[in-house]
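Below, subunit A partners subunit B and then partners subunit C, in two separate complexes.
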Partner chain A sequence: MGTASDIKLIDENGLRIDGRSPTELRPLKIETDVLDRADGSAYIEWGGNKILVAVYGPREAYPKHTQDIDKAVIKARYNMSAFSVDERKRPGPDRRSVEISKVISEALQAAVMVEQFPRAQIDVFIEVLQADAGTRIAGLTASSVALASAGIPMRDLVVGCAAGKVDGKIVLDLGKEEDNFGQADLPMGILARSGKIVLMQMDGDLTEDEFNQATELIMDATRRIYEIQREALAGKYRAMAIERGGE
Partner chain B sequence: MAEIKQIVMPGDPIDSSLGKPRNGVYKCGDQQFCSEYFGIVQISDQSIDIVPFAGPYFPRRGDKVIGKVIEVGPSMWTVDINSPYYTLLHMNDTPWRANAGNIKKLLGVGDYVYAKVMTVNEIKESWITLKDVGLRKLEGGHITSIPAPKVPRIIGKGGSMVNMIKDATSTRIVVGQNGLIWVDGEPENVMTAISAIKMVEREAHTTGLTDRMQKYLEEIRSEKNGNSI
Partner chain C sequence: MPKDEAGVLSEIKRNYILRKLKEGQRGDGRTLTAFREISITTNYIPRSAGSAYVKLGRTKVVAGIKVESGEPFPDTPNQGVLTTNVELLPMAFPTFEAGPPNEGSIEIARVVDRGIRESKMIDLESLVIEPGKKVWIIFADIDVIDFDGNLIDACTLAVVSALRSAIVPGSKEGSKDFQLPVRSLPISVTMVKIGDEIVADPDLEEEQLSTARVTVTTTEDGHIRAMQKGDTGFFTLDEIRKAIKISSNTGKQIREKYFQ
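This part shows the complex of A and B:
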């Protein structure tokens, strides 16, 4: 959004600046259990995004005043590395990352069965190693995989995806240029099976029709991302069984 | 050959025609049950359980657990039982005659105990006791741990797996429901027993594990004999 420019983001064939069609996702790869010390972890590569997520807990919440007597609190911490963007990012929490931490915590809270762990906290550390538009939804997607691999009871997996408006057209999964020079960005977090929305933000303007169209694109993409999440979790165990069977 | 059990994700519907849904499921519709864990489906005499691959241990009344003393108070010990919540051991729940204010000499910080969960309340506070047959302070030995959901695999049907490891490695083993395992014996044998336990942990989701374990232990034994000759 923001800066208007003469860059043509969609060419005469209807293809986008990186050669994708309007409904195409960027390449997506998820890996689980990449960290030994954490209770659960995941690594996601989504387009140019590279994000590492570690889950700790549930454990007793400290400081004690943050405890909730009848449910667990989820403390997600979204952090961008100094080297994750073109120009050095000043380390530490800022307005943007505090906001993202909050919306991700709330989205995960809707999926995790927090009422099973009174007084506890679940820590989710989201470290952005390389940023390339859509880090909050990539972080959210990886967080839910990490939570599942930590054995934390959940109602559903959370899938994140974004759509937006570029050169007057609704497109799926904005890239960096489209995010910077497009007209709208709509990131969403969705419970994969029930289709309930747990995170939604919008930057820029969309008409009602455009909004519905964008939502539809996201819902459709969610199913594809969900399959990748499932494969990331189960693939390893299946591979191990095949290996053993082959002996 | 190792066959894999059915893997489910959080939110996956469970086919309740195969049995009555029991642990690890929640109601996600009128007549529909869904998994709440990433784990495997276990069907046993008319009930279905979802066994997660990993996850925390939750104390239940009557569980026998291994815990580590982390703090000594005037009349209570705070014990870490590998769970999200610490548990408490009161001096009156031990077989020893204790005087308040001087219980440090009975159990110090870092000591391990094999204890039974006495009570758990609704906010998950729990108390353990040492007053029962077989419960004691664990002296010497090594502690190793596995995820709590995999404990039933270590024990095996009627204790078959753990007894097999004990016999084959001539060690003493105590398995806590919380996933902590105490192994005592000759250092070499302890290492063998721990490697066998780690193998169960890695392959807990496959079938025919007891047979494979037998083969593995026999292999180690014959290897050892071969070296000594």
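This part shows the complex of A and C:
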């Protein structure tokens, strides 16, 4: 985790540096079909994060040696724009984004009915336009909406959510200062209805007890985030119905 | 990664391992949470600042430390630098290829690095030569020379052992050589899920049969310092809780047995 600092992240009333309670999410908004060319797309704003996701496929997997004769392969590419962070980020994949792309691909693979598309690949392009802590879970949350909006059959939606430790307290959904100066970060990807864990990373310092507190916050928030995902998808079909003159 | 590259496990082996697991045993006779035999040889490469040759069953890795002076990162001007790199050498496995690190070796290196960094094993603040200008840079490089599963734990053991034996060449910067200051002993424990069973320290055959992987790195105080779930399957929350317990118990045993 980040370096120690003198900044007080939780005040005497138990409120966080941005005024949230320990169990409160940052404002979260998801839109579908924001891009015209892609087979499916989504845009998420989560706190100061602004992230676009585009889905292409299923299409024949290329290069050929990446094909799986039993199922489709999900190839997520997490990328941060040069202008997404304070100091310009050198364009192209670094080791961090290679790792994030890998764990997001694996998480989505568990949700998509990949067995229906042998030898195919499904590309998920995640572009972080503005980063504000928790980009991987925001990207994952938007990815599963983009896949659904592309009409790709899925067992479940994947919800991304994180909890962490700040000033010795377990809190939900770390903001930027909390991420930089906190003591632990635990991003997770959860299958919304079954509660199965498909992505988990952690760094910092947590006791077993603190881990249990953190996952309790995450599981509870998962339901709230899932509703926002569903609403984004339902909104899309409602709009289509109105367009066709029905309700 | 090695799982995909390794091809398919024969039907007869697969059935044997699955049948044994139902009886609470592993193909090689281990219990579900037991590690394979570990052997650690430190100062294996005397030309490096610190080194270790680690065997974890038939998996073999060599870690070497090099220490050089250089510029600190702008956001941590008063800290030394630690970088970890893993090379999956073509000699280690038929389908490992030479070339730049792939996503598999990057993931291994980053999980190993996080375990050591978050455990605060190295006192990076004591590695400043000239604040803001010059610090010691610790390069931890790991060669995987023989692959039979569970590279994350083999590599963590090797880097931790190598760092504990490392000497910083202070004489090159006008002071004295000194032992790299070490403050904790992180141990990573990697487990995979085969069917509904969680097994620790999987060998290659078990990795091929598994659907999901989780690594939990703990320190002496039993605190969790780093975790990573990998692969395309899932864990339930109860399974993760169980994995954390296994890691902290096994970590304790490994510390007692191999690091007295």
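Everything below uses one rule, namely that the second predicted complex is superposed on the first by the 238 of 247 C-alpha atoms of A that agree within 3 Å, B and C clash if a C-alpha of one lies under 4 Å from a C-alpha of the other, contacts with A are read in each partner's own complex, and residues count from 1 in each chain.
The working rule: contacts are C-beta pairs under 8 Å (C-beta built on N, C-alpha and C of every residue); 3 or more make two chains touch, one makes a residue touch a chain.
On a predicted model such as this, the values are computed, not experimentally measured, just so you know.
Of the two partner chains placed around the shared chain by superposition, subunit B and subunit C are both touched by A:191. In the superposition on chain A, A:91 contacts neither subunit B nor subunit C.
Of the two partner chains placed by the overlay, neither subunit B nor subunit C lies in contact with A:168. Contacts of A:201 after superposition on the shared chain: subunit C is touched, whereas subunit B is not. Touch criterion met: A:60 reaches subunit B, while subunit C stays clear of it.
Shared-chain residue A:212: touches subunit C; no touch with subunit B.
In the superposition on chain A, contact of A:233 is made with subunit B only, not with subunit C. Comparing which residues of subunit A touch subunit B with which touch subunit C, the overlap comprises 191. Across the complex, subunit A is touched by residues 76, 79, 101, 103, 106-107, 109-110, 114, 117-118, 214, 222-237, 240-241, 244-245, 248 of subunit C. The touching residues of subunit A, when paired with subunit C in their complex, are 1, 3, 95-96, 98-99, 101-103, 106, 109-110, 186, 191, 195-208, 211-212, 215, 219. Contact residues of subunit B toward subunit A in the complex are 1-4, 7, 9-12, 24, 26, 28, 34, 36-39, 52-56, 84-86, 122-124, 147, 149, 202-203, 205-206.
Within the complex formed with subunit B, the subunit A residues making contact are 39-40, 57-60, 69-70, 111, 113, 117-120, 148-157, 191-194, 229-230, 233-234, 237-238, 240-241, 244-245.
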